């Protein structure tokens, strides 16, 4: 089993905002080093520069728009994200949905800046559709499981298995992450046994009483 | 060459609103009968029942949401569209974009009511993505050509050819329509020679001085 | 106490779709006549023509866009709504929010077609803001109470009172309706005693076992 | 005439992204100091921390959402913006429209963090509506003039005058800025003579060959 990709989404949790974001990112870097795995962090947009300039950790944006330089007030341009120190971006998270044309434009714009793209989807058909847009990763997260603590690998293993199969047919260059309800070491192993190459997780780490312990538990069974 | 599918989108043109919608739908039916082809019409949502109850023509909605019965004020439910007399719906037209999860839900909801689904897209990758959602048709329309009178088959034949190829690989059950700038008989022939099975058109017919003549010209070379 | 305005929103309830919409509209008309009050109905967009052409009842659209004749596929144009037989429209319902510029454009477009406008809002400041756009009515509905059966007049009378006061200051030509959780005669009376001139209601009537009885109860205390 | 508020919106201009944002912000600070006026800057979200930690200049976000700590991936939380060093935010810019309920929530959330709020609007009625939400500033910008170089004070002085009057009636605590097409000293003076207290401007400075000279020209007639 290859080393997985783990991405911790800070959402807009108070525990992952501002200087606290730097703290959790530091914990992610430390645990990643100890365990010899890759743990990326996805802080809020306004925290990307602060985190990336202080912690040696792969930083992902939570969202990027498909806009070019120009009149796009309030939008998130890939080159700005990249210059702020991010290495990639989530796109189309269930809490920040985009229309299809915009997902495609975002993937294209992010790729042009050398950013790794993770397109989030909600079921097997949308995962297949996202794979056709040629991102590096598709992260399938049934919205009804997000934040529940019930891992998708347990509640609905078929959506992960089916997503992996569908992606293989459509575009074998794309890899599948799985999200929603993941927080423990066994969830990560289960996710990988279903064919995913890693996980997207959030509250299980960021809102944990002790994020460092939660991260150590997460990687304990690799 | 099989008989093409022709769908005339009335948009919110004054010339295709209310009783005028019935008039253009009647012209579509007459020309279709004379030429032995199928011409569908896509009037505004509030005109579907009026047209379908007065003219024997396949009626398409311009938009349908993926909602189920419930608290969805102002949304367009597939079963309502179907009960109003429509046989299908456009989904994700460039003037009414949906997010990816909603396109998938719309296709699924429409199919459950027996409606034919035509998902509109803007380029080859989004066409491929839409095909993965398993609609009956994908209609590729480069937005920059819509309403120009310059047919996509002439301005950008590769987007049609590429769309047809991409769809064949992803999901051969799906057929490709092409739109944007189509209005004349030679445009329709050109579109079909590029591998599409029909066309989506709008201003070229609805805003024509004489819609019936425009329709007759459109089918003249079949 | 003047005769109230009562508007029954059919949402996308199965019980208010298609021919069933005609049935409930008929009940509304009958009870309105018996009680000497005005009961309007807001069926789905695709049902407006069907209802208005069969039942002599004031029909409202659930939504209208601010678009003019042109390239606006899937949008709801005021003149189409009017030609389909509607006398007015809800605008900005909590299930179909619009941005501020679009609310203003919708109110203006609807007014230009002689449609009565009811802008929905969620609290006192947004009610005040909506009043500045000069619609005929603002309907304040705290979203957390919609569909609960707990009437706003009881759960949060201050939001109704405060809305009435705020509107009086900003634009005394505008009248306040109240919605959310309304279903019974006493709720209507309570709403009017708080200064509103009528109510917007939905599930309490449309999903009632016997809509006609529910309507009779609603107007029983006038 | 009081000292005006000048806010330079960097949009997603390449000339105002990343390290270049720091450069323009520095020019703004220098010119502001020399002229004894206040010039704020609104860089992209990912550049707020970088600019605020390097340049002593009032930084505004280009957009803020009304969200609280929680599951809001990709959203812009007021407390994050504040911790990144911003002192205020644009809200509802014409390139980043929000629905009415969200504008109200954004103003409220921003105010709770001590951020100065500037709600952008497109005409007199929406300016009046925005004033009812009690922000510090409303910035009226007819969208058709944005980026044209034709100042609103010249092309449509009545929209500024009318906005000032409408705001005075609705909520005299709110002050009016004006935007769209502003770039030169005489535009600023004209804007203030029409009753506004400052300007929002963008391309005229950020895309100028020499932004520092452009800023010096802007404040030259005060």
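Chains: A, B, C and D, in written order; residue numbering restarts at 1 for each.
Criterion: a contact is a pair of C-beta atoms (placed from the backbone, for glycine too) under 8 Å apart; a residue touches a chain by one contact, two chains touch by 3 or more.
Keep in mind the model is a prediction, meaning the values are calculated, not measured.
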Per the touch definition, the chains contacting both chain B and chain C are none
Could the interface between the copies chain A and chain B be described as same, meaning over half of its residue numbers are common to both, or is it different?
same
Tell me, please, which chain's centre (mean of its C-alpha atoms) is farthest from the centre of chain B?
D
With centres defined as the mean C-alpha position, give me the chain A-chain B separation in Å.
36
The distance between the C-alpha centres of chain B and chain D, rounded to whole Å, is 42
Where chain B touches two or more other chains simultaneously, the residues are 94
Chains as vertices, touching pairs as edges: which of line, ring, star, complete or other describes this one?
ring
Applying that definition of touch, give me each pair of chains that meets it.
A-B, A-D, B-C, C-D
The chain B residues in contact with chain C across the complex are 9, 11-14, 17-19, 42, 44-50, 61-63, 67-77, 79-81, 83-84, 86, 90, 93-96, 146-147, 202-203
Taking the complex as given, what residues does chain C use to touch chain D?
92, 94, 97-104, 121-123, 125-126, 128-134, 166, 170
